[in-house]
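There are two complexes below, and they share subunit A, which is joined by subunit B in the first and by subunit C in the second.
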Partner chain A sequence: MTQTTYTGALDLAAGAFLLAAVLIVWRRELRAIVRLLAWQGVALAAIPLIEGMQQRDGALITVGVIVLLLKALAIPVLLGRAVGTEVEERRESTPLVNTTASLLITAGLTVLAYAVTRPIIALDPTAATRAVPASFAVILIAVFVMVSRRRALSQAVGFLMLDNGIAATAFLITAGVPLIVELGASLDALFAVLVLGVLTGRMRRAFGDTDLDQLRELRD
Partner chain B sequence: MSALAGVAAALQVVGVLAGAPLVVGGMRQVRARLEGRAGGGVGQPWRDLRKQLRKQQITPRGTTVVFALAPAVVAGSTLLIAAIVPLIALGSPLDSAADLFGVVGLLFLGTVALTLAGLDTGTAFGGMGSSREITIAALVEPTILLAVFALSVPGQSANLAAIVTGTTHNPAQVLTPGSLLAFVALIIVIIAETGRLPVDNPTTHLELTMIHEAMVLEYAGPRLALVEWASAMRLTVLLALVANLFLPWGIAGADPSLLAVVLGVAAITVKVVVLASLLAAGEVFMAKLRLFRVPELLAGSFLLALLAVTTSYVLAASS
Partner chain C sequence: MNILLLVPILAPLAAAVLAALLGWRRLSASMTVLAALAVLISGAVIGLRVGDGPQYSVGRLLRADALSVTMLIVIGTVGTLATWASVGYINAELAHGHTDRKGANLYGVLVPIFLAAMALAVLANNIGVMWVAIEATTVATAFLVGHRRTRASLEATWKYVVICSVGIALAFLGTVLLYSASLHAGASSSNALDFDVLLTHAAQLDPAVTRLAAGLLLLGYGAKAGLVPFHTWLADAHSQSPAPVSALMSGVLLSVAFSALLRVKSVVDLALGTGFLRIGLLIVGLLTMLVAASLLVVQTDFKRMLAYSSMENMGLVAVAAAAGTKLAIAALLLHVLAHGIGKALVFLAAGQLQATHDSTAIDDVTAVLARSRLVGTAFAVGLVVLLGLPPFAMFASELSISRALAGAHLEWALGVALLLMVIAFAALALNGARMLLGPPDASSPPIAVPRSVAGALITGVILSVALGLTAGPFTQLFHTAATLLGASE
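The block that comes next holds the complex of A and B.
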């Protein structure tokens, strides 16, 4: 792989990664959000795969394949099963911040990410570190999604985006943490999704709804 | 600059004048066929224009010179854009004015002229249409400027010919994330600016949902023909401009030969026909957005344009 195609491919992967996060903020249908999360997983897995091919590093490619299977297949399938079958469960109820304002806040967060990561880029200006602002912006957007959504499932999606963002930052800055640490973190996320899936199911059975704002008060 | 470059610029204006109603007719025909109707034929807008132009000139009572001049301002500014932008050849005689920011300014001059005309009639629908149009225009303008800014970063110039030349020499830069995001943002903005679905329905006859049609409700006869013609020309020029900004192949150079000019005409015709058909085919599957959800769409496209600027800024720093 030549240097230009490597840079181009890495930029495209980072761009798609950020775009998926922005579209998750935009869309309200839960199924569409889960599908976008799967696409984000593909973009995330592409980063170690591209770097592994460039550096001819077998371990990185292995990590990339594992990330692809986990984040683009296993987790979205599990989340997709947690999406309710009832019609009113399929959409995010009105978020705390309306969509237009959320999109503008997302724009602000992206600019903020570019501003605060400048010292990191200045340390070691390679093609990979230049894409760090994109992954950092995904972390900030994920935190925003977690605090502004009401449904348990969308908050879980925010949590997984946060995990994706941290993993992407690690891949881009250090060309990947050691294999065993990466596996541990990824499996953690998988178990979190399993637990959240069970929890959402039980909540729906107990209360008939997963809107977390309605669970604030105690009742008998 | 050779004489042929001047000929090419003149050809652009004549081509847009003659071709714009055909583009609109073609889009209606594609739509009609996909919906299972026979359709009025590609030439129907031309027949409508001829009919309108033969009618008597009527000025509603109480309107001022603003109402009378607006169609001419819209048509004139659009024709000026058609003369400036590189559609057939690069070396237009107005090349020094071929600045993307200038083109955006001319575009909004036409929009504002029509909104003022809508207010000038003093009718409820005219005022409502103007208010909606200016709401959308106020949201569209920042997006269009940001998208333009993103496109001008790689070539380090906002001159249209310079941007197109840069893309011809380095086709890979079309596939960078910055340029792709700017493309999507520009397409959304053009749909909003020319009043197509899902922002405005160009074929609506229900006054409460109209935007562009509500403003021109009081026009009749030759003036109505001019307004319709101008809005068709705006659509054609913008489609051709986007096609050339992102897919500049086939455009003649700054000092063209006769063959290159002919080739340029053929290339731009093919590009506009393909783009317009795709747009019309896409519209079949879309419903009009609620007016209150339009700002959502435009905020989204603003965000895409902003991302385009930031990514192309970072990329330009790396190369």
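The block that comes next holds the complex of A and C.
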């Protein structure tokens, strides 16, 4: 791979990664959101795969394949199962912030991400670190999704986006953390999703639906 | 290979496997108690050796120093009390129909996994593995918080998992940034996250990236330690968990998360000077104390009251860490140990009160001292420990923390902290007195105490008194830990 195609491929993956996050903010259909999350997983896995091919690093390619199986396949399938069967359950309830305002906030957060990541790029200005603002933007957007959505599943999607954003940052800054940490972190994320999935099911049985506004019994 | 370092992790895991095979039985529950005791004993034995420097095992994956030993002793002590009390507690829950066989089996498996994850967190050399272990505690405890399967416990579980996972995810981002800074400082990629390697390269870490990393790590591990701004899970989770789990979370988990922060601090201080995290810890610590003290005043639920008292103490620990002198760090570690035992005591006693009254409202509980000498005494002793009165150890630790703050020229912080401590003291003392004193009502139900809970309560009281009378062998250990963390004189 020449330097130009490498840079181009990496920027494309980072761009697709950020675009998926923006589309998740835009859509309200839960199935569409889960599908977008799977596409984001593909873009995430592309980053270590491209870097691995460029550096001829077998370990990094293996990590990329694992990430692809986990983030683009296993987790979306698990989440897809948790989407309710009732029609009204399949849509995000009226959001706390409307779509136009949400997209504007997303744009603002992306600009903020560029400002925050300046020291990281200054430390090591390579093609990969120059794409870090995109992954940081996804982290900020994920936090925004978590606080502005009302369905349990949307909040789980927000958490997974946060996790994706951090994983992408790790791949871009350092070509991934040591393998043992990477595996442990992926396993933790998988378990966290399983826990959230089980809780969503329990919530549906206990409350009739998964609107998080129901969760207001405990307070001071 | 140093097998001793594997015991605190493998013993609870073996107990978990046994519990998975046998289900909730006397044998598997007793094995869990023995496993917790093994954590304590191996911690103590490692403690005899760490005076000459850290011990390593499994290559350099595990590393035990004075801080690890201190935390292992806290995990082992509170773990033994809590798992011992679990036997009677869960049997009573089964008898009253609050849980079923399946729930009890799950409890039997998850509690030892929780203990193993905490032991790994304090023994990991690689701060990435430490992070993995701390996040694993969230996963392991999720269904423990939701043990009773009521709507309220479901709500508490959801908030707990979501808030802690987000917080801890930020800590991971901080870890990644630190890794990148460490690589650029010349560490090799295989060990750039090892604690000892980070310490040797700390002076060359890029300041701007390290600042970003330190901020994220403070917020992230702070979430798990019950510090603002991600503290909102704490009272909900503590009030809904089964009492022995509340004891473990309050007495151990919070301080294990804080010990992670202490390790990070020792690296960051070398890279940026002590000023950066001092300000961060002071802000976070004092705000945590403020939130906790104000909510203690209006509290009507005794388990939430105990939860906010834990928050107040973690806030004080953060303020002590900000002072950062040897005196402060040694006092903070004594505080953590004494608080762990005292909090276990009150939570285990509170569990029996909750089982008796089927309620956690302070108004529903009166004259505990007159109705049950054991539960009343244990609750009273635990409260007096938490109030920081002599002869108990938290009196000594709070006094030392105050002296350390004055010595570090943080008189203003000391003033604010003391004011908040007085408010918390008054609220805790008044509510405690309302529950403990008064003439018994003829209609109030008798307080049942299963034999294993009684054993744990009596042991807890004896340990609290003993620790108050003499911190003896611990003084040297805490001092070694403080030196190792790079504390100034």
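Just so it is clear, the second predicted complex is superposed on the first by the 217 of 220 C-alpha atoms of A that agree within 3 Å, B and C clash if a C-alpha of one lies under 4 Å from a C-alpha of the other, contacts with A are read in each partner's own complex, and residues count from 1 in each chain.
Criterion: contacts are C-beta pairs under 8 Å (C-beta built on N, C-alpha and C of every residue); 3 or more make two chains touch, one makes a residue touch a chain.
Quantities reported herein were computed from a predicted structural model and do not represent experimental measurements.
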Combined model on subunit A: subunit C and subunit B, fit or clash: fit
Which of subunit B and subunit C A:15 touches, first, second, both or neither: first
Touching partner for A:162 - first (subunit B), second (subunit C), both, neither: second
Superposition-derived angle with apex at the Cα centre of subunit A and sides reaching subunit B and subunit C, degrees in steps of 10: 150
Touching partner for A:112 - first (subunit B), second (subunit C), both, neither: neither
Dominant toucher of subunit A (residue count), subunit B or subunit C: C
Subunit B versus subunit C as contact partner of A:195, first or second or both or neither: second
Minimum Cα separation, subunit C to subunit B, after superposition on A (Å): 20
Touching both subunit B and subunit C, residues of subunit A: none
Complex contact set, residues of subunit B against subunit A: 172, 175-178, 180-181, 295-296, 299-300, 302-304, 306-307, 310-311, 314-315, 317-318
Contacting residues of subunit A [partner subunit B, same complex]: 4, 7-8, 11-12, 14-16, 18-19, 22, 26, 99-100, 103-104, 106-107, 110-111, 114, 125, 127, 130, 133-134
Contact set on subunit A toward subunit C in their complex: 116, 119-120, 122-124, 139, 143, 146, 152, 155, 159, 162-163, 166, 169-170, 173-174, 177-178, 180-181, 184-185, 187-188, 191-192, 195-196, 198-199, 202-203, 206-207, 212, 214-218, 220
Contact footprint of subunit A on subunit C as seen in their complex: 61, 126, 128-129, 131-132, 135-136, 138-139, 142-143, 146, 149, 151-152, 154-159, 161-162, 165-166, 169, 172-173, 175-177, 179-181, 183-184, 189-190, 192-193, 206, 208-209, 211-212, 235-236, 239-240, 295, 298-299, 304
